[in-house]
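Look for chain A in each of the two complexes below; its partner is chain B in the first and chain C in the second.
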Partner chain A sequence: MAMFKALLYSQWKWARIIIVLGTLAGFALPALSLQGAARADRGALQAQDLLHAVQSWGTLYPLLAAALGLLVAITTWAPDHRGRHVQALTLPVPRWRYVLLRFAAGMTLLAAPILAVLMGAVLAAVTATIPAGLQAYPFALAMRFALAVLIAYAVFFAISAGTARTAGIILGAIATVVVVQLVAGIANLQLDLVSTMQVVLLHGLGPLAVFTGRWMLVDV
Partner chain B sequence: MTHAIETERLQYRAGNAFAIQDLNLHVPSGSIYGFLGPNGSGKTTTIRLILGLLRPLSGRVTVLGDAMPEHHARVLERVGYVPEQPHLDPTLTVGELISFQSAFYRRWDSARAALLRKEFQLDEQRLFGRLSKGQKAKLMILLALAQRGDLLVLDEPTDGLDPVVRRDILAALITYVSESGATIFISSHLVHELERVCDWVAVMDEGRLVIEVPLEKLKNGTKRLMVAQAPAVIVDAPFRILTRECSNGSGETWVVSNWEPTMTSFFDSIGASLRDVVDLDLEDGFVELLRSFRTGAR
Partner chain C sequence: MFRRFWLPLLLGVLASPLRGQDTLVDRLRIRADSLLRTWQQAVTIANLADSLERERATSGRDTIAVGALRIITNPSPLPLRQAAALAWPAIESLYGSAAADLAERPYLIRAADPDSSARRVVLHVGVEVPWDLDLRATTMLLLTTVPVAPPDRPLGEWLTGGLRPAIHPREDRTAVYLELVTAPSQATRGCFLGDIARCIDALGLGDTAHLLERWYPSAAERRAIVSQSFADFFNHGDNVQPFRECVAGRDTSCTALLRSLPPGALPKPLTEAARVSLVRDALRLGGRDAYRRLLRDPETAIGDRLAQAAGVGVDSLVAGWRNAALAARPAPVALPWWAIGVAVGWVTVFAGCGLSSSRWRA
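Up next is the complex of A and B:
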């Protein structure tokens, strides 16, 4: 427990601005998405408008989740990268355990924006006047946000843990796809790698699919 | 004699330019073991192999009786390490770093840490990134000593520091050893510094071990001899000739190791005469050893 606390504190010092801003954004987002629902005289058309507004704001949840996952993952490894991992490798802890502790400390910090989304969503749902026929889903939204944050954090944590060489390989792979796409375009070949990758990564059955679809605090 | 560190036929390669070759080290328990060598000779790489930061191509490393890197967590619990470059989180203060480190060591000595912080005049609130080079070095030593390790591995801990800081650090190390009986493995290219504290010494060059001896043996056994009428070929010498150069006329200057005063009679047996025996300090001995090693005159 003492080791976890030590790592949590060290990561907090690196990630505190991100966590504070992410928590504020997470809390504000549900309220902003329901800001037009405050009036009591809403009919069927207003309900449709509200759904459009909620859907528009909803695109910001996966973006916020991805940004938080990315930035916290980077700051999680930042102290070790700065010290070329010498301190980490000379601590008397099995390496798998050290990685788990680092991961858990980052995830603990991310609990703050996740809770903020939950609290903001519950508060917005309770205070807003929701037209008849519509339902608020604050817990489902918060759960989905938590899952998206966890997945983004896990993916970027794994990438950030690597060396500059690993990052180079990943960037090289992305660059190759872009270059192949460009060449195919110039040669008038029917090849759409970017769309294919998007379908495979985001619309398949993999964990990244959580980022797609509608993120609705209020729905039918 | 038990050994705190033992390496057996250790091999490691970093690219095509540098390799550790067949390294056999034997660091006696309780000794202060100086690990000498010019810059780029492989000292830091060897230390990283010993601590399990690097994985050898072949060979065996045993530290405090356990194989490395297989048992690194158990071994590192008993090893204090001061790397060549300070590697700590620059966003943490001195107090926070002490607290961070203490969380990982069961034998952490808070009283010693507090005492050393006072002695070294380290401000608890100051960020590590804002400390001077000397203060960083002192903090690294503090962290290594407060772990109450049975082995301290110090990689050029006083390199580039002013004499006052250097003296403070060496004094803290000597006090620790006298109290705890720990082994110290200290690498440096500052020969004079090691001469003051070490009882064993090893010399590395180009990834290979040149020599590993008790310091006294190296100091007392390395001499410059003024020899006259020496034959061109010397066979069965009881000492090791490191270098042999003409000085003037029929005179020659030899630098030898493993010398003992009783060996003067050897010169009568080969028809030569020994005119003078000059003591060499450790630095001269070190330089001559390297010269001889590099020219293959062993």
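Up next is the complex of A and C:
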């Protein structure tokens, strides 16, 4: 536990600006997406306008989630990479436990923006005048945001934890797909790798499926 | 003596403009008759041309018969027979006994080679489709181009389009639900909240007088229509000033502008999708002869025609339609439990990748 606290504190020092800004943005986004909904002159007839506004602002949630996951994962490993992991290697803990503690510490820090989104969404939903037929989904939105943040963090944590060789393999695989797609296009072959990858990654059971879908604080 | 002489003269002078008016009326009547004769001749020639074109399009073709459907087509790999077998139950369930009339109104379909650039004879009847359409697309084609006789003018105008079998009934009802929730009209909102009289108004089934006030009773709604739906239309010429006044919040200008619209141009609070779904409900309730009853008396009000077709009162019909629309509410945005499980699983997988990085291996 003492080790976890020490790692958490060190990570907080490295990532506090990101966490604070992310928390503020997460808290403000729901209120901004419902701006004007609480105005007395809006009336109950602007359901369509309200949905359009909520949908437009909704695109920012997955972006914020991805940015938070990326930046926190990078800051988690950046000092270790800079110090060539000498400090980590001197610690009296197995390597796997050290990595697990780093991962858990990052996730703990990310709880702040997730809670901020939840609180902002609940507050915005309570204070807004929502037309009949529409409903607020603050908990569903916060849950989606939490999963997206954690997935983004886990993906970039794994990439950051890897060696330059691992990063090269991943980039090489992506480049191979692009090249094969280009060659197939030139050869007029019915091969659509990009769309297939898109389906595999973004739909159904895909790892990034939670990023797609409707990020709506208010919906029918 | 004086009076005996001048009185006929005076009457003659007074009557001369009336005589002139009679001449004008006669002249216009002659012109109208001439126009009617010309129109009748044009219709006859058009019918003849259409008949000849049909003869040309159907000669040397095969006829596929499934139920009362008749499809005249050229030999091709197009799966028309299988598609017709799939389409016929949907068509028959909508039109009922009237679907039997389709035996006299065949589809004319020309299947063409999509890869050929050879010039083909242009036909002005029927449809031309590539012969590599799959079964689903071919069935869609048959369902969306049912060669049923067009409805009478009042029904056609009320529907703002044709009546076709439902291809995605659930999605159609969901679209109606979304309209009920989001349409910027108090009539529609009242309908959503359960006021059947408002539903009847919003569907254009009740009193058609003062539609503007019935559909859009508040000043905010009228301003929204003018500024959003008709901004380009009104922001010209003489209408610029009242348009600006309307946008600035003067309701009398908004009302005057909307009243100046031609009949039928006022945006309906519920679109044709809602109306078509109501007609489908009426036909489903009314049984096999419902479509014939619907078309029986074009002079009757649409609401009464629908009630006759359905065999229930218009209030009951509309209430049932509304309940069905509310039951088709789209799925909420909440994540399903399995998606949460999948996401947690992926977090574990990626965390495992981080743990098993080659950097940590001894």
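Everything that follows uses one rule, which is that the second predicted complex is superposed on the first by the 210 of 220 C-alpha atoms of A that agree within 3 Å, B and C clash if a C-alpha of one lies under 4 Å from a C-alpha of the other, contacts with A are read in each partner's own complex, and residues count from 1 in each chain.
We take it that contacts are C-beta pairs under 8 Å (C-beta built on N, C-alpha and C of every residue); 3 or more make two chains touch, one makes a residue touch a chain.
Only a predicted model underlies this, so the values are computations on that prediction, with no experimental measurement involved.
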> Taking chain A as the common reference for superposition, should the pair chain B and chain C be classed as clashing or as fitting?
Replying inline: fit
> Counting only touches as set out at the top, which of chain B and chain C does A:D219 meet: first, second, both, neither?
Replying inline: second
>> So in the superposed three-chain picture, is A:Q46 touching just chain B, just chain C, both, or none of them (first/second/both/neither)?
In response: second
> In the superposed arrangement, which partner chain does A:M143 touch: chain B (first), chain C (second), both, or neither?
Replying inline: second
> Taking the superposition as given, does A:G83 touch the first partner, chain B, the second, chain C, both, or neither?
Replying inline: first
> Does the superposition put A:P92 against chain B (first), chain C (second), both, or neither?
Replying inline: first
> More residues of chain A are touched by which chain, chain B or chain C?
Replying inline: C
>> With the two complexes overlaid on chain A, check the angle at chain A between chain B and chain C, Cα centres, nearest 10°.
In response: 160
>> How many Å separate the nearest C-alpha atoms of chain B and chain C in the overlaid structures?
In response: 5
> Along chain B, where are the residues that touch chain A in the complex?
Replying inline: 51-53, 72-77, 79, 81, 83, 85, 87-92, 96, 99-100, 102-105
> Which residues, counting only chain A, touch chain C once they are in their complex?
Replying inline: 43-48, 51, 85, 95-96, 99-100, 103, 131-135, 137, 139-141, 143-144, 147, 150-151, 154-155, 157-158, 160-163, 165-166, 205, 207, 209-210, 213-216, 219-220
> Where on chain A is chain B touching in the complex?
Replying inline: 2-3, 5-6, 9-10, 13-14, 79, 82-84, 86-87, 89-94
>> Please output the residues of chain C touching chain A within their complex, sorted ascending.
In response: 177-178, 180-186, 189, 192-193, 218, 220-221, 224, 329-330, 332-335, 339-340, 342-344, 346-347, 349-351, 353-355, 357-360
